[in-house]
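Think of it as A, B, C and D in the order they're written, each chain with its own count starting at 1.
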């Protein structure tokens, strides 16, 4: 029947419009975030002449790198319809262990650091286990895990984290490679890998499938259990790594290192166009979200207003971003330009 | 309590089942309702009373109630939003905001108290309306929209009061934390009234609609339910409850603190989950969440009197949270199994 | 009141756990003192951590009172929220000793450096270092915290006198090195040409941010982290332009508070509830002196890099008030072998009124912000 | 214009005053034209069919009639007055109601509550009396001969068929003037109950719009039919005068011919691909069957005779309470579909509910097709759109799925194409045994033909197929052999040319020609349904 001219004609007309409508929805929202960042950066010049400079971009990228790494994991978890509230605690875990087990110039770092990440991974696995087998809602399981991990850390350090940052971590955050700050290059590499994993690997595909409809994915023969565990482990490992970066950046660990990143990590993902219900969103969007938030932070702090007003402005801009990046908006646009 | 009342208190759209399967029926109510959490609470209280004989004199009870009321009311509001399949982060902002307003503009005497009450409800209602508008009409994801409004409210709170201070009117501070005829704790009464209202609301068309949109929005819409209005009203009602929580918090601390709401944010979700309300909407109830909140505050007492090393209290809280949720989930599933 | 029929005094230590080294050092030395003879047989110490939530601390106090506490040593989370509970405790004969942060309830003892003018003195020192003019940052503590507010008011009172001083950026660093470093980095992006930084705890992060940027260092005033003091004394850093003074909040306050309370409980001292001032630590760059041993001896006031983390707060020891302690006590809460509790100097310094901070309905002194440590060298 | 029966508008005022007319109605979503130009007129007391391929615009028109979608252009008149509902409620006020294709019942509410949504509270007080609600619910069930259903039961606990009946009953309750049934039989195995209700409504003078892809039942109940193609109404015919061929041609644009597949004998000597011995649990009470290479084995049954259980057990979605499964002669104990795929020569399952168990809406059709074989598609774990589309191509061709669609989000495809994609998936897995549960539910003739062809070709290539169908003609056309399930057991097995609709119907209701007196239940269907309810 498909070779019937009439239906062919209809297929083309309908089909193609629908496809492009979709494509634009995803990519446009990613671009939109990027554009928003640039606009903010340039707009910043009006606040202070030395803003909008390359050096500010550098600062943004360095400070943003933590959030990007954290929201990569958060993004994967959200992609499967979950939520990871244990990120801050695990990041702290990573930082504390790195300083306690490894320390400054420890030759054993090459196998100790992987062990640190492994430990973090285990926490992620425990959360996943609770969610998959005990059927605890992700929100609660990860919340409980974070309470537990924090209290264990408190006990373990008796309140005073010791030790110094491993050289590798310091090099990663402070080093220079061919004239560029190492963290910036690292960020580029990480984004590339993250994108490959989420959008170009079979694992990414599975995660999208599960986030869309677990039951259908199971029936289709996807390795559902494994793929429901994976994001939490990855998320925990990347959180641990973020902890390592933080330690390298400020050459020392504190027990509240990760705290300030929880809500931003979620915000970055959502602003980046992902659905909190799972199944939709891209890592590039998330990166955009993270950079957007960091840029905002640097600019806000330069505004000479009292903290309260600054906070209001920050919230307002987040809101505006959300409104601008609404899915419907792009579908409307998508249909307008034809 | 009558059939309906329990069903009401317990939440889940009441579903009596043919007398044939009466046992299942009872189990169903138990699991769907506050039965489990109620049991846990009684158990903990017994333990507490055993360790701490003073626990039973009316002062201790009142003190505990005063301590519970703010979280209980906050959780009550959160429950409404969760039932409609949403998350509300603005809870932290609204409570801080009402608290600083009460501390900076204290209104003396019973009349002033009444006015203050209205102010709190107004503030909460207004923020709720904004959330409702953003989520129900502009279709923003609730977690994102309320994150933004939360930040903004925090900002406003800081503008009104940039450091702890101010004094809540004596009448509020004393009467709302006192006891009627030296026995009945007022804070307890306030919570009781809210539960009473809920029992009624549960039996209105709005109540049914709330559960309907939480479980299956498209179906509810095609069944003629006005989804947007229901969702909007839900956020408004929730906001008002946060306002009330703010009032009770102010009564207890008698002073203003621009960050006072923050600690209640995640706790409110923990309480909701402890009460067995499903975070994916459509199942659970307000009363159960109130009990969940009460359990969380009681837990502090029990852990204190059982002399757990303060480093590790978090460990216990986390574990209790998981165990309780696993249990209620288990029972629910048994209840649903044919 | 002696320990009733051989039973020990029930003492509770109630913390706000704010996560910085400061809090745990303060707690550790109390534990160490309680384990030092003769207190080890007199005292049964229990510690409770109440996060940053006043409600949790209220509940903790309630529990302690019901458990029949003799005394409560505490870092109060709020200056006013706890008052009602404290009042009830006093009525039941419980002694309340607050350290560092304070409460306005008059039946409690406040032991704090707050009235000792950290803000104004450090600000003046910075002004002097800058010769009365220059662009500066204010690195503050926790937004909406009264301690932070008091420090800042004092500082701004001074800066206001110098039109040449321009506060180009003011940000909150949550008394944490890492946050200070990040916030300072942000501010530097907008104002690379900053000439001085006035900081509260976390100051070492400000220096790291400056170093990250490459460029030169500038005068920095801050609190008492080991890292900061080492930096101040480091010739390389000085060559880059770093000067400043290390002052601010001493964790040692908790130990002082605890010993005062014990002396009252054991009847060695008569003292009605009042506000007691803890002297402001004051270590300008040229006064920084490395300690060879475990204690502050012959005027040394900072420890070697490999001995403690840079975030370690040095002013936890005090040769006069707390001779019993060494850094292990601060790091692990362990008593010093062979040490016994030494009596405190008889006289105490009464703290000035700080409305809303250490007294409820009271007037601030006219000379609230008078300088005690430095004199203006410019005007 | 001319109205439904082609008569000029003039005359018959009295009648036209009691009809529902739509003229030149159209609706587009962005650039997608859902409905281009539809004219239709429904007469009071008449059942009017709406026919068309998947995506022809039927549901859209329905949604417009019910106020769920607002048309871009066109005029509608109800009993003479302008009719332009802006919401479901407005439509109901005008006594127009629909039983939707994707059911519109709320799972966590009781049957009674669903009946009365959105206004459960009676006139007087804002408070709902639950007893009152239950009573009214019971009444309604009574009125539609559904007394076996408990008005207090949660919708979510009821089997699909009962849900569909309740959806229909609710629509009838609210439809004083116009009743719209969008594919009401999609999950009903027998039509008697439905037609009885339609009869009553018709008698009350309700105008009824009936949408179905099953021409047989359309002929049985409808007097005239309007055909939609590509969003245009291309005409209205009296069903008496039009042959199936004519109608199909109007729908698809070309003739479709049916040919029964010559039954092929499978030599019993070779070990069967799939052998099952008294499988029990999930509605089964000891079922044994064997499926040979190259064989197409049909399963016929009324709703809820255990067929669902049988397929889900074989697919590895449920675990049997008893009995053994052999694949290629070897004992098999797989616990999930993934394992089933890898078991022996492989077992692949096409699920029952396309929208909830089948498609992954947001993902491209290609991804949906290759999901089971991703590892084979990817290069060292990496994969791109192209790879997927290339890998999906062959099996897409087998079901004649237009390759253009491979790049679309499957959710945007019409149900027919969605179904083709899912069929392509089961083929793509490379499994030699297919379990197809109602493979052509709610898809149009053209799509059906493509799917049949694919199934036959697969069997020709030596593949084995076990399929259940709610449409007897389908079984008659496809099956080499047929099992009739009744009350969770294999009630009869039919070979080759014995597979005829009459025989099947008889067997499905437990009527055994050999032993007439034996266990032939008297009234049609009802007992079977009694079983159905308990079976689940």
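One rule holds in what follows: contacts are C-beta pairs under 8 Å (C-beta built on N, C-alpha and C of every residue); 3 or more make two chains touch, one makes a residue touch a chain.
Remember, predicted model here, so these are calculated numbers, not experimental data.
**Q** For the pairs B-D and A-D, output the one whose chains share more C-beta pairs in contact.
**A** Most contacts of the two pairs: A-D.
**Q** Can you check how far apart chain A and chain D are, centre to centre, with Cα atoms defining each centre and the answer in Å?
**A** 42
**Q** Please tell me the distance, in whole Å, between the geometric centres of chain A and chain C computed from their C-alpha atoms.
**A** A distance of 37 Å separates the two centres.
**Q** Centroid from C-alpha atoms only, then distance chain A to chain B, rounded to Å. What do you get?
**A** Distance between chain centres: 31 Å.
**Q** Hey, what residues on chain A touch two or more of the other chains?
**A** 154, 158, 307
**Q** Among all residues of chain D, which ones touch two or more of the remaining chains?
**A** none
**Q** Could you check chain C for residues that touch two or more other chains and list them?
**A** 49, 143
**Q** Applying that definition of touch, give me each pair of chains that meets it.
**A** Result of the pairwise touch check is A-B, A-C, A-D, B-C, B-D.
**Q** State the interface residues of chain D toward chain A in the complex, per the touch definition above.
**A** 29-33, 53, 55, 229-231, 252-254, 315, 317, 336-338, 340-341, 348-349, 351, 356-363, 367-368, 371-372, 374-375, 377-378, 381-384, 400, 402, 404-405, 407-409, 412, 425, 429, 446-447, 449-450
**Q** Where on chain C does chain A make contact in their complex?
**A** Interface residues on the chain C side: 17-21, 23-25, 27-28, 49, 143, 168-172, 174, 176-179, 181-183, 185-193, 205, 208, 212, 309-312, 331-333.
**Q** Can you name the residues of chain D that touch chain B in the complex?
**A** By the definition above, chain D touches chain B via 68, 87-89, 92, 100, 102-110, 113-114, 117-121, 126-128, 130, 134, 150, 152-154, 157, 536.
**Q** Across the complex, what residues on chain A touch chain C?
**A** 44, 47-48, 50-51, 53, 55-56, 59-60, 62-63, 154, 158-164, 174, 246, 249-252, 254-257, 259-260, 297-299, 301-302, 304, 307
**Q** Which chain B residues qualify as touching chain A in the complex?
**A** Answer in residue numbers: 87, 89, 134, 138-141, 143-145, 147-152, 154-160, 162, 258, 266, 269-270, 273, 278-280, 309, 311-315, 317-319, 321-322, 325-326, 329, 333.
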